[in-house]
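Two complexes come next, and they have one chain in common, subunit A, joined by subunit B in the first and subunit C in the second.
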Partner chain A sequence: MSRTPLDTVEHAAATPDVELPWAELGLKKDEYERVVEILGRRPTGAELAMYSVMWSEHCSYKSSKVHLRQFGEKAPRSDAMLVGIGENAGVVDVGQGYAVTFKVESHNHPSYVEPYQGAATGVGGIVRDIIAMGARPVAVVDPLRFGAADHPDTKRVLPGVVAGIGGYGNCLGLPNIGGEVVFDACYQGNPLVNAGAIGVMRHEDIHLAKASGAGNKVILYGARTGGDGIGGASILASETFDDAKPSKRPAVQVGDPFQEKLLIECTLEAFQEKLVVGIQDLGAAGLSCATSELASNGSGGMRVTLDDVPLRDSTLSPEEILMSESQERMCAVVEPEKVDRFLEICEKWDVIATVIGEVTDGDRLEIFWHGGKIVDVDPRTVAHDGPVYERPYARPEWQDALQADDANKLPRPQSSGELKDQVLKLVGSPNQASKQWITQQYDHFVQGNTVLAQPEDSGMIRVDEESGLGVAIATDGNGRYAKLDPYTGAQLALAEAYRNVATTGAKPLAVSDCLNFGSPEDPAVMWQFAEAVRGLADGCLQLGTPVTGGNVSLYNQTGEAAIHPTPVVAVLGVIDDVARRTPVAFQEDGQLLYLLGDTREEFGGSAWSQVVHDHLGGLPPKVDLERERLLGEILISASRDGMIDSAHDLSDGGLVQAVVESALLGGRGARLVVPDGLDAFTFLFSESAGRAVVAVPRSEEVRFNDMCGARGLPVTRIGVVDGETVEVQGEFSLSLTDLREAHEGTIPGLLA
Partner chain B sequence: MTARIGVVTFPGSLDDRDTQRAIRVAGAEPVALWHKDKDLKQVDAVVLCGGFSYGDYLRAGAIARFSPVMDTLIDQAKAGLPVLGICNGFQILTEAHLLPGGMLGNDHLHFICRDQKLRVENADTAWTSDYTAGQEIHIPLKNMDGRYVADRRTLDELESEGRVAFRYLGMNPNGSLNDIAGISNAAGNVVGLMPHPEHAVEPLIGTGRTDGLPFFTSILKKLVNA
Partner chain C sequence: MARVVVDVMLKPEILDPQGQAVQRALPRLGFEGISDVRQGKRFELEVDGPVDDAALARIHDLAESFLANTVIEDFTVRVESEDAVAEAVK
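Then we have the complex of A and B:
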């Protein structure tokens, strides 16, 4: 792309008729015209590069913004919120002077193109967001969705994604404590690789992405800048895949977790010595994003000399340097007298650090190359004033037919034998089977604070060794429910994550989300998106858990076929003392099993309808968020007061799935009795929300029942922990050995 | 008076803070050591902890072995300083020839993280005296390159001299020869193993077992009674 003469601002003003490749860089005609209007002249090549990446769907949220506003408008009042939407990640007060930052992001498109690096750099990116807030990263979680488990391409994508997440996260020393693995043919050409991370800091250590104070230096540190990932955000993440176009592999970045580990340690040391005024990580849109966001969030302008950026490839053009998405880089704003100490710390950790510019008292972002000024813009126009689209949306005409195709009318098992066969089939189906083959490729133990990790309902990390203060996180999503009804589906995802956190004994505090959808240019997809956001915002308001940030991933579709609308919701909770946490595994024979909540005939979108009938239709389970809140309070109180020894939330697969998991993890069976008023099939397979199964020591039975009764939560005794089988009285009995073989053999059989 | 036990941080070390905590839990005083610093700060023993030193992009432990701190450490270990190498630390000790053999990639080619059952084969080393020979314990294992290999003669020597300190039980998680999980040098002051005892010192945390604590109480008793 080298051009002679250099395309400076001056040159651009003098040559208004030069044609620029705006369409190739992903800008629409009206967007390009808007850039010309803002600048009052044609942009330089470098300016065009910046606008094109920053105005991409991935960076600008141009299609989703009008809907996302609801997260702010409907935000519940919460004393816990310290930093809200708009920063690198939200920050929540968890007490005792500690603050926690967490966020979930997508790395879907790169992970399909190059599974290992795509997934690895997804972890790297989210972790840098956490560091940029001033926190030490303490855990990661990975909600993953793939095509059909037995599809040949799944065997290419899944092992690569899992190895990439492990390869990067393990090398950073971050325990992987949660997430999901879901298979569905709708994700065949568009796997969803979402990555979440949590960080912990003291309140006074919160840092923000802003460049203030004229004369302060802008320091770029970390890896050298190379030609990898150029245009990743604009080209990969903002277009649908199309077989006719050439390979996109060069747009995927390559990760170096060792470099990132050094970056973490040296950044935290600089924070500790109070050397940093503002900080921003370099992710999507690289330097374009970091410089324009730092400058527009601060009080002044910024001047950058691009020649000073350390390069991996000396032939890179200034446009490429601005667009490069080379990983493991950060940008800090440091007062002049502290620059030496900052550079010293970087040197201690063998991290390359270079002053590339300074904060000015103007309001322009100016970038120089070989002595010429190649960028002169108002940074706000790049970072914040991108296009906003009111995309048309319309309820798809097939929605009614889909909802009318009632799953409750599907043929049910006619005999105890058939019921038993379907239980075995369910717990061994790819979505319900044990994911141990995957999760054992992740380090759960590093940092020595992991209290709970998958397959527990939520991951839990100890924050303070003295007091036992801890945080819990769960991520959930169910594209099948959301396809049937996106508003309810989003609320069900929220309800499940909320319930999962409460089941382990932690109090839910705040939400992050990763909204994965098809093309926003399709009104049906846009309707799904609008409905899901509305559902989530309404739900968060009702539960009192504000959305602190998140990520939108659109264009997850191949040709005309969009993925199921898949809002993935992460709920963060806090627990006063991790010693009070409640695990999933049955602990002791003789303990009493109670079902909390109401069970209805609800099979729309259920695992049973998928596994037994390959069916998706009807309505998803009803949502009652007041009930979820009550259930949560009961579970938390029961944990705290030692009334329950194990608990498991009920979600996909229903009660039988939950009981089998608790039994296999604890190595103890259960005898179940079908309660009055329910048939065995509904009892075992219904997916009614707002439910959990708990194991109560006999000594606590009266106290526990009294508590539920006093607070008005329906509670039904359904059996007892006992023996080497899971038995449903009068129906069937399955040995733990057979259940284990079915549950644990599936995934290795398909993928190992 | 308690013992001061050093923990070396290399670039890419991951379990340094965890190891310091384990030393503290056992009642000893942890001392941070830095890879660029030859000074061992007069510690009574040293732990080389787990991680991916220098990213392990070349061969696990191959670069860390040449760090300034290792110059001093190798000399002192030969003179009797107790040294424990955990995971990457074990790999570094073999690269430094303080322990024989070497480590290859796991035979299944995946990273593996699990609660691993082990048998204590030698309870007479500086780091294992609080166990009893034949004791079965569970210690978390997590590695990519954990397959212990050595030539036949070395293996025979290790076996006949009782220098196999720990053996995998139940399943061999990485294809290690003779199910070897950990070994010691002839003098018994240098021990290396792939599993992570520092992750098994507190109830509730990790696997919830404390089977790893005797590593740290063993050395503490030895040093305090010395």
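Then we have the complex of A and C:
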């Protein structure tokens, strides 16, 4: 493609009246005017490309920023926090000189367009964030949301997404240890494909994304740059699909996990030899993002020669090279005398590496093409000084009516037979059914350090073979709760993930989040977002678990219909010795079952109300974070001191769901007695938060009760592990065979 | 009976890791002078009855909706003459 004349900075200054396609690139008029004001002239095509992708919602967080600040302002003091928000991923001290980095991101829109590649490159992207911090990736997790389980499009999207996650992760040799699969019609056309990853490093290995030291070289390494995902960041994340004409659809990014594996090994080797000053992975907005962020986080000056970027397609224009989202690329800043060694390591791993520029004294990011200067900007204006919107938000009118439509008033089962039928229906419903058909397509155990994986409450990885030090991660989010009350819903997601980590015996340390919402231009959605962020920040402060980073995904809506507000919260915990973990499965007949916490009549947003009545209304369960903390302490102590042999947190589906899962996983039934003061229905189906069910060996009964009593945690004996059935005395008995058929047959029946 | 061939190729701008792997292997095996390799799929459909416009339209439909993932792939449909089929059998 010959472009005459080249749109250089000089040319732009001389031709102020040339019209640029800023609107097509997703910029608003005032944003374009701001660019002109910053530069004091019209931008060149290349500059416009950079500003438009970097100022897109996806990269600039322009609608969410004003709210996200709370995560910093309300951050609890935490000695564990080594690197906080703003870097590629947060880093947490887990003791013994080890640090762990983890983060959750969304790859929602690409996964709807092309499920396999969208999900695969989602895994690839989050793994590169982890490498960029200096850590070796050790595990991935995938919280997923799809449309109705029986909708034909779910059969297109889900298998592709699952195969993409499995394919990429398995090729990289990373175990997939957790996540969720949720079905709800609100995600039809807007599936949520969130991907999380964990990496481990020694404290001294932490690396940051900044380019300092004039004369240091900027090296682009990894895959060649092609036309992948051009404009993906601005076009896909900024507009709804209705607006996206086929011609605007960017080329789908295709992942190559084997290239990524080489990138991991090559990067870690370069780190080990201390060759790297600063590093950044190339994700959304590609080189535009990497160069402007590296430069602005350092001293500010950088000169790049775009002609040196290795291309897969020689016809690409400089704008396209800057916007390309080709996968499996990274950018490193290396001292001149170490460049040769860096390139040698890249060659050893068969990774293409090219010096494309250097750090300069000034504070300008200058990019050259065919000898002409096509970009001359202050990198901070590109990377950090994007527009910030105080979007109007307002509690939607329908919120009161929704909350008044009390689920506690729904007709309840009138007989034992009806109760039994509803239990079977619940445990066999798509959201409550076993997800093993899906999770078995992922490798859980590769690398040999997986201690727990789905369907356990948290995924757990051994970090140190000698001491048994390990980390646990759980991700949770309940869009139904958040729809009823976004503030409480976000706290419930936090509480559940916190509880899940504690239930397995690990101490919760830090939080990452992926906030999935509809269009921020709708005040109702913006209110949901503001409330959820406020709830999460308040909750994290109270629990002492800081948010270390995360991701916001907006515009998850088709036409007027937004998804349920879906804040997905990941909690990371640490356990001194993974041998002390607590599994979900019942271990031994005769062990006593205790219910920890208070059970109230709370059915708003419950699985029961969805499965039996297809209803969403009322208020979500009450949150008591002090109670969550106490429950967590008890569960961790009990695990460390060997007082409990299994434990399961109570969340959606209530007690009966938890007991059935523990029974099926252990291959042992349970006899339950409805405690005084509760009716059988509330006992089984209530979704009150702050609860767990534990199995206590008889020899530990006194000690366990004393501990709970001394700490003031309500504890109720509800039965015993025994036999081949789950029996609720005086009500019904269901054989494990029947329960298994209901629980494990649903998903294969729908999707296989 | 006639044979219709549907060739499915990744669109030119889409990364083809398999093709790249083949290309990288060539010089190692002593085959020089190949600068790029793209790998695709070929479907051979044996059609009952005449291959008229209606039949071709039907095949175009099935290729578009099933054989090719048009988000990332292009396809072409062409008729192999009956003679060519006979030739191939020999």
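The rule is simple: the second predicted complex is superposed on the first by the 742 of 752 C-alpha atoms of A that agree within 3 Å, B and C clash if a C-alpha of one lies under 4 Å from a C-alpha of the other, contacts with A are read in each partner's own complex, and residues count from 1 in each chain.
Basically, contacts are C-beta pairs under 8 Å (C-beta built on N, C-alpha and C of every residue); 3 or more make two chains touch, one makes a residue touch a chain.
The structure displayed is predicted, hence computed values, not measured ones.
Aligning the two structures on subunit A places subunit B and subunit C side by side, free of any clash.
Using the contact criterion defined above for the overlaid structures, shared-chain residue A:Glu114 touches subunit C, although it does not reach subunit B. Once the two complexes are overlaid on the shared chain, A:Gln729 sits clear of subunit B and of subunit C alike.
Comparing subunit B with subunit C, more residues of subunit A are touched by B.
Using the contact criterion defined above for the overlaid structures, shared-chain residue A:Ser299 touches neither subunit B nor subunit C, since it reaches no partner. With both structures placed on the common chain, the touch criterion links A:Thr737 to neither subunit B nor subunit C.
Contacts of A:Asp256 after superposition on the shared chain: both subunit B and subunit C are touched.
In the superposed model, A:Gln272 lies in contact with neither subunit B nor subunit C. Legend: residue contacts after superposition of the two complexes on their common chain; A:Thr15 is shown touching neither subunit B nor subunit C.
Contacts of A:Ser415 after superposition: neither subunit B nor subunit C is touched. The superposition places the C-alpha centres of subunit B and subunit C at an angle of 60 degrees about the C-alpha centre of subunit A, rounded in steps of 10.
Taking every C-alpha of subunit B against every C-alpha of subunit C after the fit on chain A, the minimum distance is 5 Å.
Looking at subunit A, you'll find residues 256, 258-259, 350 touch subunit B in one structure and subunit C in the other.
On the subunit B side of its complex with subunit A, the touching residues are 11-12, 14-15, 17-18, 21-22, 50-52, 54-57, 110-114, 140, 142, 144, 196, 198-199, 202, 204-207.
Against subunit C, the residues of subunit A that register as touching in their complex are 113-114, 117, 223, 226-228, 251-254, 256, 258-259, 312-313, 326-327, 350. Here subunit A touches subunit B in the complex through residues 163, 166-167, 170-173, 256-259, 261-262, 349-350, 439-451, 462, 465, 578-579, 581, going by the rule given at the top. Per the touch definition, subunit C reaches subunit A in the complex via residues 10-17, 20-21, 24, 69, 71-72.
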